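Just below sit the structures, each encoded as structure tokens.
Both complexes shown next keep chain A, but they swap its partner, so chain B is in the first and chain C is in the second.
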Partner chain A sequence: MPFTAKSGKFNASINAVEFGTGDKAVKIGGENVFPLYSFDAAIENAPKVGIEITDFGMEHEPECIKKYYEGCATLADMARKAASMEGVDFLSFRMEGGDPNGANKSTEELIGELKEIADAVDLPLVVCGCKNVEKDAELFSKAAEALNGKNAVILSAKEENYKTVGAAAGLAYKQVVGAESAVDINLAKQLNVLISQLGVDSKSVVMNVGTAAVGYGFEYVISTMDRVKAAALQQGDANLQMPIITPVASEAWGVKEAMASETDAPEWGSQEERGIDMEVETAMAVIAAGSNAVILKHPESIKIISGLMKELV
Partner chain B sequence: MGKFVTIGERLSTTAPAVNKAFLERDPEPILKRAKQQLDAGATYLDVNIGPAEGYGPDLMKWAVELLQGEFDNVPLALDTSNKAAIEAGIAVYNRSKGKPIVNSADAAGRIENIDLAAANDAIVIALCNGEGIAKDNDERMGYCQMLLERGLEHGMEAEDLWFDPLFLVVKGMQDKQMQVLECIKMFSDMGLNSTGGLSNNSNGMPKAIRPIMDSALVAMAMMQGLTSAIVNPNDLRLMETIKSCDVFKGNTLYADSYLEI
Partner chain C sequence: MYKVTFKFENSEDVTVFAAFGESLLEVARKTNVAIDAPCSGNASCGKCRVKLVEGELDSKQTRHISDEEYAQGWRLACCSKINADVAVMVPDIASAYRSRMKVADLSSPDELKIFDNIKQSITEAGIELKNNLESIHVKMDVPTLDDTMPDNERLTRAIREITGMQRVKLPYSVIHKMAQVLREHNFDVNVVIRKTEKDIFVYDICGADEAPVIAGLAIDIGTTTVSAIIIDMTDGKILAKGSSGNGQIRYGADVINRIIESRKPGGQDKLQKAIIEETINPLVQTMCRQAKISPMNIYRMSVAANTTMNHLLIGVNADPVRMEPYIPTFFKTNSIFAGDIGIKVNPDAHIILAPNIGSYVGGDITAGAFVTMLWNQEPFSLFIDLGTNGEIVFGNSDFMFSCACSAGPAFEGGDISCGMRATDGAIEACTIDAETMEPKLTIVGNEGTKPVGICGSGIIDIISELFRCKIINPKGKFVREGRRVKRDADGMGSYVLAFEGEEAGSSKDVEITEVDIDSFIRAKGAIFSAIRTMLSYCDFDISMIENVYVAGGIGSGINMANAINIGMFPDIPVEMYHYVGNTSLAGAYAMLCSTESERKVYELAANMTYIELSTIPQYMDEFVGACFLPHTDASLFPNR
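Let's turn to the complex of A and B:
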């Protein structure tokens, strides 16, 4: 009997979401096949790669990152530098210093910095917060206003602050709303339902379904993404068809494999290589499980992942 | 497995208001009932125009265009013994949201509706019944085989034949209820889709009792593998039961707002 290959193409598809404006705008999602299954049907939008900088500039960064930004005096300089790195599709600004239990920088100061960056580059922007839900609600509302017309991604609304963030980012200023859950598929769906019940167009929503660095409870991250894509495509669940953006840098560069100095762990070899490895492995694994975009920070990791995407899709 | 398919039963000539609206081609009552059913979560709408001798084709065409035009090509079940009316309805039917359902064929006088569905790439409800009510499941499964073979011979996919065990009224045929449920399991074991007029079970019962009986039966039938039913989607208890069973069966992913979507 002749073998007839059956296509794994689905009737349902992931929503295609565009962010940024003009020539540099990027589009993620749109596929009607499992991640990277381009042999089943063409994947129009390959996964995209963003570069992350924070409001601390280079203050807390390892030497191996700092060296790429030598000579940068301001955040705007750093943003321009970051935007010029090979393979970068978009720029992510993390307002880490806003945390009331940390540096507790004021909203005005951080929004001022955000504007400085937005003026310096024409790449699409993703704005990340400080992980304190009350402060983030305030930061994201102001960020949505400050970036009016930029079609930026506000990453992200959580269960505790989705009303404020969704209303400002999704309704008032028509930015793309990120919906964040921490490796909890039922909450991921619920948050999308709640955000759409607010009146936000579900085609302007992306998800951050949570992540970890490889080796740190990572199997659960992968199975969550697998199940999100299965529900979205096999069951046609419209409340899970939003594309996924995964911030990888903040996780991968926070574990000892990436952070331990060569003095402390001489047997582990070069810190820079270890950090890049952690970042690349985490990024590639979440892309294979369904992330439509990843946020990284080492220029070498970005080059590797964007190169892989060109080869694979 | 996909979600349970609910076919809304409230557009039927058995309701005097609907009958009048069909005869007078009055869109308003039809659209109102259609909207109520869709808002409540119906996937398909059944359009029962009765035998409609003479004017059936014209009426079905009118109803299909009216409903699909108003509700984004909502998928429909064309329910009449008038074959010409079904053909006329399919001729103007838009398939973008799902194939039309021919309601229905049986193993006696209406077996040719299988051929009609096959010729029009439609789904057909295949009622496993001949003359009179089947005496046992051997007889039902005999009809099932006959109808399935007829469909396959005419080039249909098995998945487009939705087998109906014929739900029976409890008051009078209580002793047959488990037979019907066992029949659904046999369909399911063969990988076949199934449907039926589930609320028939509670015919003649007090109004307040019917949702309770219908909900209990739909849960038991879904456990047996029932994939669809022709029901009143405006029965909240029933719809909540179906959505909950879809969660237990893994047909849909749970979220706290699952009853609202």
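Let's turn to the complex of A and C:
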């Protein structure tokens, strides 16, 4: 008797969310099957890959990244260069220097830089903050205003500042609101409920359910994403059907496997290779668990992941 | 060394000497000055306030003390170190830790009716309402030069003859006084005895013309509150009742902090002293005066308490209770007498301890489960005891499961800034106008009583109404602004139920803060997730529950519909919920007056399966899901 495979597609689907404008706009989500299960039903939008630059420019980047941006004098130059890399679908700008416990750059300065970048490239934009909830609330409100009409992703609103961020980004300037929670399915859902109660259209919300580099409590990340997708698709939970964007670069390039120099750890081999490996492995694992987009920073990693997506979807 | 003076509003100063750098709270404890410190001195609860009146203190200002209060001299004792001679004013403990507890004071006829109902339901369950204490009349021949039998043999023989029992035990207390009593009454006496199948034990002896009072004492020792009754053992009539705060509370608000405190040098004795000498003995004294009997007429007592409380009561090491694999010294023990642990009643009085079934499900629950009668019914029932530890029993006449979760003192008004017991001035119910955000309050006390605080049932109503009116979001944070919504310097919101001066009976606003709401949401989340986890562990569903018995100090004013609205209890028809009062005390009462009930409680305990929630990974998930109004999974509350 011939084997007839039963399709594993669901009646529910992940929301399709578009960000950016014009013909460069990207769409994530929309599938009604588990991650990468293209054999069950066609996956409308393959997972997308973004490239990250920060307000520090090349200052804090490892040598292996710097070399790709040789000759760039300004952030705008870097942005243009980044946008031209192979496989890049969108550009992510992280305003790391805003942290009051760090460089404590002013909101005006950072928003000025953001505008420069936005003017320099026509790729869809994702704006990340400095991880200080109060400062982020301020930064994101201004960013949403500065990027009016760009349909950018504001990544992200947290439980502590969702009201300010959601109101500015989602209600006033109609950007896409990122909802960030700390690796827990219930907390993710709770924040989505709060944001939708604020009046933000749940079709313009994406999630960052939290991540880590592989090997660093990563099983929690995977099981959270797995269960979010299962609840969204199997149980049709509308409060978890938002697509997931996972910023991988900031995690993968912050662990010792990627940072230890070759003089400190000669037995580990090339630092660049290690960094790329950490980034690619983390990215592929979160995509397989349900991320609809990842943010990376090494051009080589981006090439590998976007190539894989072309093959798999 | 520096001189430290503690001043009080209503009593004399206490002066001690302390070394540089010593914590003021530690100095107070060593000196037996009661300063309320439910968090055991971690600077987290903000209850250990004292007022600096003279000298100086090396003291940090924490978020619990406003700039204005700091300027007035308010300090937290746990954050203050001695660096000079100092005098501090200690707020009256009666108004500090005793009053903020909801004490089941048994003052209402409703609460007392519960005991009559128990007697009835015990009888209906076919259990004999009889104990084995009685008084018998013994008349002996007066000894002569020809009849030279000693007193003890004379009495023993006489008792043998009357009862037909061979073994008769006379304890020291009887031997000590019998020579005099027998001669004073010409060898015509009444004796109080306990009759078992094997032997007779003689508790007391008095003249035949005196009718001996055979009294018994039932105590519920809660982590926060202790309540007790004295009864007539012959007919179960209540002779006196009383309650007070648990004296151990200054060593920590929950069982874990108490156990930790008990492991410090001398700690075990200190905690035992706090419960027996400072709490139970004074309570018994007062009740005996009320009943006009001598404490020596109390020949039996029964205690229902959680595992930690009964371990600390009899002074055994409770540390294994909190350490994996959580094995206590005993589940049940029959060998403790009042004289062993210094309880001032008849020293031979046997202490019936309601049996524990796990480290966190103790005698309060086995005794409580007995009086709900859920073990005698076909339909499935849920029994929820809302205390500092929330305990839950589910089952019917065929099986029973139980589990415990840590809810914190929120249900008893602890951990809540304006929390208080359900006494005069407490807000016990509340509705809020969705349009104007103005509250309508029901206050305990005579018409016109001004509100001074909030009791457990009031908190449920307030949170439910704030949520219904969309003043707070499902996380318990304020999302509407208005006259009654205040923000402090850190942006923390609060809702003012009664403004100082115009509306409130106290010197500050009666309000509920985001921190209060957060504590309460965690408490209700712990209860609801424990119910869900236990039911799914047994493969049951909430639709199978036909009765829910709610017990505990939260008060009879609890509005079940609002408790469901905030996701504390499962969404099943309100008619299925029954408030059953203090079942722990009721269970202790049943075990005291009926020997067969006592046996039945042991039997129930042996048949109850204990589930350790911490070993079920799903529990933590359920808990986070339940810390939302009403729940992260709104489909669990379809009717709300």
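Definition applied: the second predicted complex is superposed on the first by the 310 of 313 C-alpha atoms of A that agree within 3 Å, B and C clash if a C-alpha of one lies under 4 Å from a C-alpha of the other, contacts with A are read in each partner's own complex, and residues count from 1 in each chain.
In this section, a residue touches a chain if its C-beta (ideal position, glycine included) is under 8 Å from a C-beta of that chain, and two chains touch if they have at least 3 such contacts.
Quick caveat, the model's predicted, so the values are computed rather than measured.
Asker: Does the chain A-based superposition show chain B and chain C clashing or fitting?
Answerer: After superposition on chain A, which the two structures share, chain B runs into chain C.
Asker: Between chain B and chain C, pick out the one touching the greater number of residues of chain A.
Answerer: Partner touching more chain A residues in the overlay: B.
Asker: Is A:L194 touching anything from chain B or chain C once the two structures are fitted on A? First, second, both or neither.
Answerer: After superposition on chain A, A:L194 lies in contact with both partners, chain B and chain C.
Asker: Which partner chains sit in contact with A:K163 here, chain B, chain C, both or neither? Use first/second/both/neither.
Answerer: second
Asker: Check the residue A:L139 against both partner chains and state whether it touches chain B (first), chain C (second), both, or neither.
Answerer: After superposition on chain A, A:L139 lies in contact with neither partner.
Asker: Answer with first, second, both or neither: which of chain B and chain C does A:L240 touch in the superposed model?
Answerer: Only chain B is touched by A:L240; chain C is not.
Asker: Does the superposition put A:M225 against chain B (first), chain C (second), both, or neither?
Answerer: neither
Asker: Of the partners chain B and chain C, which touch A:I65 in the superposed model: first, second, both, neither?
Answerer: A:I65 sits against neither chain B nor chain C.
Asker: Classify the contacts of A:D184 with the two partner chains as first (chain B alone), second (chain C alone), both, or neither.
Answerer: second
Asker: Which chain A residues come up in both lists, the one for chain B and the one for chain C?
Answerer: 185-187, 189-190, 193-194, 197
Asker: Which of the residues in chain A come into contact with chain B in the complex?
Answerer: Counting only chain A, the residues touching chain B are 185-187, 189-190, 193-194, 197, 227, 231, 235-237, 239-240.
Asker: Sort out for me which residues of chain A touch chain C in the complex.
Answerer: Chain A residues touching chain C: 159, 163, 184-187, 189-190, 193-194, 197.
Asker: Please output the residues of chain B touching chain A within their complex, sorted ascending.
Answerer: 2-3, 251-257, 260-261
Asker: Please name which positions on chain C make contact with chain A in the complex.
Answerer: Per the stated touch rule, the residues are 473-475, 479, 621, 624-625, 627-628, 632, 634.
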